[in-house]
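I have placed the structure first, in the form of structure tokens, so that the comments after it can refer back to it.
Note that the chains are named A, B, C and D in the order they appear, and that numbering of residues resets to 1 at the start of each chain.
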Amino acid sequence: MTASVAEAGETGETGQTGGTRDTGTPQDLTDRFLEVRAMTEQLAQPLSAEDQTVQSMPDVSPTKWHRAHTTWFFETFLLGEHQPGYTPVDPAYAYLFNSYYEAVGPRHARPERGLLSRPGIDEIAAYREKVDDSMVGFLGRDLHPVAGRLVTLGLNHEQQHQELLLMDIKHVLGANPTEPAYRPACPQPAAAAAASKTATPPEWIEHPGGIVAMGHEGEGEDGAFAFDNETPVHDTLLTPFAIRPTLVTCGEWLAFVADDGYERPELWMSDGWGTVRTQGWDAPEYWRQCGDGTWKVHTLTGTRPVDPAEPVCHVSWYEADAYARWAGCRLPTEAEWETVATSRSPARARSVAGLDIGDLTGDGRGLHPRAPGDTDADPEQWTGAVWQWTASSYGPYPGFQPAAGAVGEYNGKFMVNQQALRGGACVTPAGHTRLTYRNFFYPSSRWPFCGLRLAVDR
Amino acid sequence: MTASVAEAGETGETGQTGGTRDTGTPQDLTDRFLEVRAMTEQLAQPLSAEDQTVQSMPDVSPTKWHRAHTTWFFETFLLGEHQPGYTPVDPAYAYLFNSYYEAVGPRHARPERGLLSRPGIDEIAAYREKVDDSMVGFLGRDLHPVAGRLVTLGLNHEQQHQELLLMDIKHVLGANPTEPAYRPACPQPAAAAAASKTATPPEWIEHPGGIVAMGHEGEGEDGAFAFDNETPVHDTLLTPFAIRPTLVTCGEWLAFVADDGYERPELWMSDGWGTVRTQGWDAPEYWRQCGDGTWKVHTLTGTRPVDPAEPVCHVSWYEADAYARWAGCRLPTEAEWETVATSRSPARARSVAGLDIGDLTGDGRGLHPRAPGDTDADPEQWTGAVWQWTASSYGPYPGFQPAAGAVGEYNGKFMVNQQALRGGACVTPAGHTRLTYRNFFYPSSRWPFCGLRLAVDR
Amino acid sequence: MTASVAEAGETGETGQTGGTRDTGTPQDLTDRFLEVRAMTEQLAQPLSAEDQTVQSMPDVSPTKWHRAHTTWFFETFLLGEHQPGYTPVDPAYAYLFNSYYEAVGPRHARPERGLLSRPGIDEIAAYREKVDDSMVGFLGRDLHPVAGRLVTLGLNHEQQHQELLLMDIKHVLGANPTEPAYRPACPQPAAAAAASKTATPPEWIEHPGGIVAMGHEGEGEDGAFAFDNETPVHDTLLTPFAIRPTLVTCGEWLAFVADDGYERPELWMSDGWGTVRTQGWDAPEYWRQCGDGTWKVHTLTGTRPVDPAEPVCHVSWYEADAYARWAGCRLPTEAEWETVATSRSPARARSVAGLDIGDLTGDGRGLHPRAPGDTDADPEQWTGAVWQWTASSYGPYPGFQPAAGAVGEYNGKFMVNQQALRGGACVTPAGHTRLTYRNFFYPSSRWPFCGLRLAVDR
Amino acid sequence: MTASVAEAGETGETGQTGGTRDTGTPQDLTDRFLEVRAMTEQLAQPLSAEDQTVQSMPDVSPTKWHRAHTTWFFETFLLGEHQPGYTPVDPAYAYLFNSYYEAVGPRHARPERGLLSRPGIDEIAAYREKVDDSMVGFLGRDLHPVAGRLVTLGLNHEQQHQELLLMDIKHVLGANPTEPAYRPACPQPAAAAAASKTATPPEWIEHPGGIVAMGHEGEGEDGAFAFDNETPVHDTLLTPFAIRPTLVTCGEWLAFVADDGYERPELWMSDGWGTVRTQGWDAPEYWRQCGDGTWKVHTLTGTRPVDPAEPVCHVSWYEADAYARWAGCRLPTEAEWETVATSRSPARARSVAGLDIGDLTGDGRGLHPRAPGDTDADPEQWTGAVWQWTASSYGPYPGFQPAAGAVGEYNGKFMVNQQALRGGACVTPAGHTRLTYRNFFYPSSRWPFCGLRLAVDR
């Protein structure tokens, strides 16, 4: 998050709002727009034209597709609908770069995104520039509130694709036998590493249960942004429970592997066990066992030994659930997670103090899960390390209403078959997430940066 | 349910317990055992050896497999574990007729059940007889409480397979271009049919929300039976809502079809829409459109025109959810369903008065969804017509503990990816279901006897 | 077949010609018809209703389907087309029991034959009886020559399905973990077994090459029957070669296995190697390795140890080709095979002395490959033991013309992607095959009774 | 190649022989090497990094893979085996760029070639340069004859990949909804176009049959190159036939389409009909029907209307065979094709006068099938327009011996399941093909530049 936002924060608004808020002057919004858009290009910068073209599985999209699709979002929902007389840069792009908005028309099949060599990365760079120019003009005028909210949605949407871009390129490079790195590793600060060895966290955070409020009040007078799926605020009833103040680590996971965790069906959901057998899983995604029995891991900065002190990452819900059962625990529900996280981070009640953009790509702490000792901003890693699977299936809150129009397809239509994750990951853009944020993936997904923390009934 | 059970009921116990209870004298339990076992054979009786052999899709099991598997359950978990010196009828059966109990050893692959011509139906009949003989001897002795509970579980398990047997044979016969019937149709009582035309149900049942208790207290002193997934009783918090006292009918569904319900992606979950397109769905399972545009339906008693007054049946969760959205409503949650159902059926608070066994196969009311007017026992069809999809994914209640041992695999390991259904269907054995009963299937499943009722937020 | 055939029969030639020809008077043809039809029923007799219903893979058809389909052939092509006023037994059968005749109309999908529990075996028996009755009446009248030829074709067609029935039920029973037998084994005559140990066949049969005639002259004055694909007789040019007078045995195959034949890609065609890896082949179909390293084999008479003296059976073309390469040889071409086979069996020049029907199911020599010593009728096993893969792809002879009408789909439309086999197998009906007979299967097929003999260039 | 070849070159024949032969001095061979290598780079030159990365189906390889694989061939079989002390450029390339040589070791899976973004096109260009440098040094020394033959094989191998590169990139660009062109179209010479309208070819070329010689004598004294599958020269026996002196044109194909050729199963092989239905074929690959019923076609120079005068291209063997049957004809056998082609092109008896390399990419005649009037070099288009499907399955000639060593995997291991094609296509490098050349593809393949000519029995 930037200085200008920090200044805005000093006016007293920051405490309540996210970094993605759309309030303030037109210049503020333009600055914010350009900042987010530049971040995407910065993330793509280390990647060759070839890297940006490959689709390594149907879930993955090519980098250049992410760059184009996020641009198409602004072109379609802002310029196309709110800028009279706007002419699209290329009429074919409406077909190629629509992701899943049925209301907007037919679209190119997702599993075939990797078949498209054209438009190339230079054409897509030009596309981004043209749309950015038009958007800057558009943002300089008096915006209708609906348009303003759509700009903010578009920026949050682009931030989600920034994370997807990193998830996806990690998978693309991981499919290459030569094990290339996305970018070079940076040295870990010795202090942080040392700290991680000495910290002795409390074993459990206890909660007595009772009625609690959860969810986000939505975009209101104060300009806070939230996705529709976080609303409305509502009461829910908790039974007594306890939750761990730390994430499950790779060291703990190694003990699960060593105890035949992947070989014992009684630990697994039936669907999970079927997946283990079909896919041949025996460790988290990106782990490879060496000849001497030790494990190495593919990361965005190359292949290196598994670090027992780090939070485990790239485990599916099936694995997280089986691990919890093995440990005599369970996963927390969304309500439990949100309630405790909020109580432990009072200053940030419903928003997360953003990391500097530089963090994400600049100093090596961001691109793989940070060591537990790296805890100045978030000592219990509620956000910023890995997304955390919950016991809750992803569904609508009581009273949920999807947003109107095509953007109403954003979240609501995925509310079945998926599990909710909470928190945020080291690859989540600074200021994007918050404690009410609801992420979701299929229980078999392993390519998101996802881990877990444990809970128990009391 | 039989006279002897009815008599037991007169002692004052029936009101609190289900037909599957294990209390009473050894003779009572033996009678109950023989009664349930005989029902399975009665259901298989109209089917030829060929009918009993076919598996029409991986989800379906052959009739003779159901007959053998339910027998294997008693042989393995009762005789094998609690009868010293028991010798299995055929050692190969442990492999062939284990369904999914990982703890019991390897097993024959489910999609290959239809490859087994041997053992034939006569050998399976002999297997059933031998195990029944052994069981009668076993039940005549003083049972350890654990064994007693397992017998009751086995009987409830067999009742579930009775319903599965009917679901499955309906699918098998439905895959045959000659459209054979399971058994001949019986004439509908004219009075019931007439009644269905005149009833004017109240439009909505209102509920103010608040904390309510749900779930079953489990098998206790009073001998009531429940599956582990119905426990424990726990409080939950409802927001104000209303629910319909009637099921969605085929007539209403025809309006949905006519309004292009199967052609409009905005009504569907993303996964549901993908399924609609891939599978080419344009109506409920077993509906076929005639040349003149009308619809006929394959039933267990043959093919006949769709009856607009009947509850719609054989729709997937995806379809139920889309229908509810189209109607401006939503599906009820499990908690909402159970709360209202219990309040509307006070006499049956936590159990369902059993239908006479004769109903199921005897008079034609049972084998397909009954007309709405057939409502003496259950005027609002909470049970007895079709299973009702809920908005809730199937998961553990707070504090849920699976049963110990291999039978702990019964329910718990399916608690992801599936949606909960409530109520019961015309093919559910008499006395088997209750208002706390939790059924579950994948959201794409259509071969269960499943329909829906609507709810709305208030 | 025609009047001229009847005359030929009277000249006394019948004794030497194939069992499949229709001889002489209407009564002769009727007798022949009933004899072949009875044989099918005799083959199905040991099988239960369940056995007759199962389809263990798409290539396999249920026994009851074979019984019905061969009946449909007579009903459709004879009664339907040549018997004025004939009414089909059941109009649905035209859809259910058409195998692949596009010209006759739509048909039930082949991989779904195992989904049909109805009609059951009793209905099919009744179907056969009714059609047989009608056919007997039909055959008692003066037949048009075209109809006569179709009857003969139908009988040969039914004989092919008799072999398919045995191939298919062997596969069905082989898919059952309980390893049931089709019928009990009969004791091998000791003399034959002893003979097999002592015979010392000549190593090679040499041929100098040159122009030779091959093929069958077709159905002519002498009444011989042949399929269209065996015609016309034509010259072909051979280069010098030699061929083995014996079949490759299981003992020789064990040496190939022991020499890592299934592990060495250089021995295999590229497509063959891909199949070996994908399917996990490490021995012929139906071989299973025991814990002590020895091999047992599933046969129609049950499971028994592999007999090294027997011809190897149930190997694909890929395996036969790889074996030949490993042995420093190659497979013979069709022309080579036919030329030598004819020269070695002069008395049978273009037809095979039929085995007694009793042989096939009666005395144990027929149902599995006979030992090499069982050689009275055919000391070099050109026919009667296993079909023999050739190096030739199955294609049309120069000047080939398919038969007119729907039966023209019989052979011609399969003339790509398949390899030709020659000879005949122990399960081929007596008198059905001849030295010009061309069988064909995909190079990956293993469920036919197929083996090989070797050839080399000179 | 060898001394004897050098001598042959000095006799003055070189000027007339194929571009693929190695001529004379080391300098000649070096020149030839650099010429062929440069051609590959020239073909890749119009393609972006993105274009060179995409794999549009498993049969297709990315352009950059072709560039690397052909380089790997020289590095492995020449430098690696015949240059003492040679160090591979990158040890990973042995795994990544082996195509199918089992004897050389494990390799990257073919369907995953499109997952490799690294090495990028710049690294591959550097790889090519380094290997070329090493090869130039290697070729400057006295070559062992074996090495000389391998160089020639390597150059012919690279020419095959030049054609594959064009086939593949045509498919890649054809999978893009924006229909990009590989390069701009060049204007057709008006004279040629006019000529095509006026030519009246003789209807049939008659042949009386008899014994003819076919095949290539192999690499001998005269220095001619041939693949092992063209050898040995051998006699074969033809029956009387006639063959068309022209290729089937798009205009003729349109008549086949208009006559419901793709809707009539009686015209098709059974496997072909299955493919038509499964794939939804209704015209050759790359044809698209416009709203007005006319057809356009995707070519390397963009999309344009189908030209009725051009030879039809991109039809599978199934389609070619069905067309021939529809026309009352058949496809010629390999022997028929080679015999007549040789007799019609006496000056070129066993080799093809090479086209200037410039032709291939320079003047627009080469990149799509030329009009029939463009016939100066080959008036009957035996070579140079499209590959021509034959009735012959691809198999070994009598006496065929694969080459020794790993390169023996070149042709022999594909001798099943494929059909032979003869001639050559507009994308075949100049001088690469000859009248004995045997190409082969699966009967369902449509992405090669393949068409047909007709034959009939006499």
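In the analysis below, contacts are C-beta pairs under 8 Å (C-beta built on N, C-alpha and C of every residue); 3 or more make two chains touch, one makes a residue touch a chain.
All values derive from a computational prediction rather than experimental measurement.
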item: Of all other chains, the one whose Cα centre sits farthest from chain A; value: C
item: Separation of mean Cα positions, chain D and chain C [Å, integer]; value: 40
item: Computed distance of Cα centres, chain D from chain A, in Å; value: 49
item: Between chain D and chain B, distance of the C-alpha-averaged centres to the nearest whole Å; value: 63
item: For chain B, residues contacting two or more additional chains; value: none
item: Which pairs of chains touch, using the document's own definition; value: A-B, A-D, B-C, C-D
item: Contact set on chain C toward chain B in their complex; value: 48-54, 56, 64, 92, 95-96, 108, 112, 114-121, 172-173, 175-178, 180
item: Chain A partner contacts - residues on chain B that touch it in the complex; value: 100, 102-103, 211, 234-237, 239, 265-266, 268-273, 317-318, 321, 391-393, 395-396, 398-399, 409, 413-417, 419, 443, 457
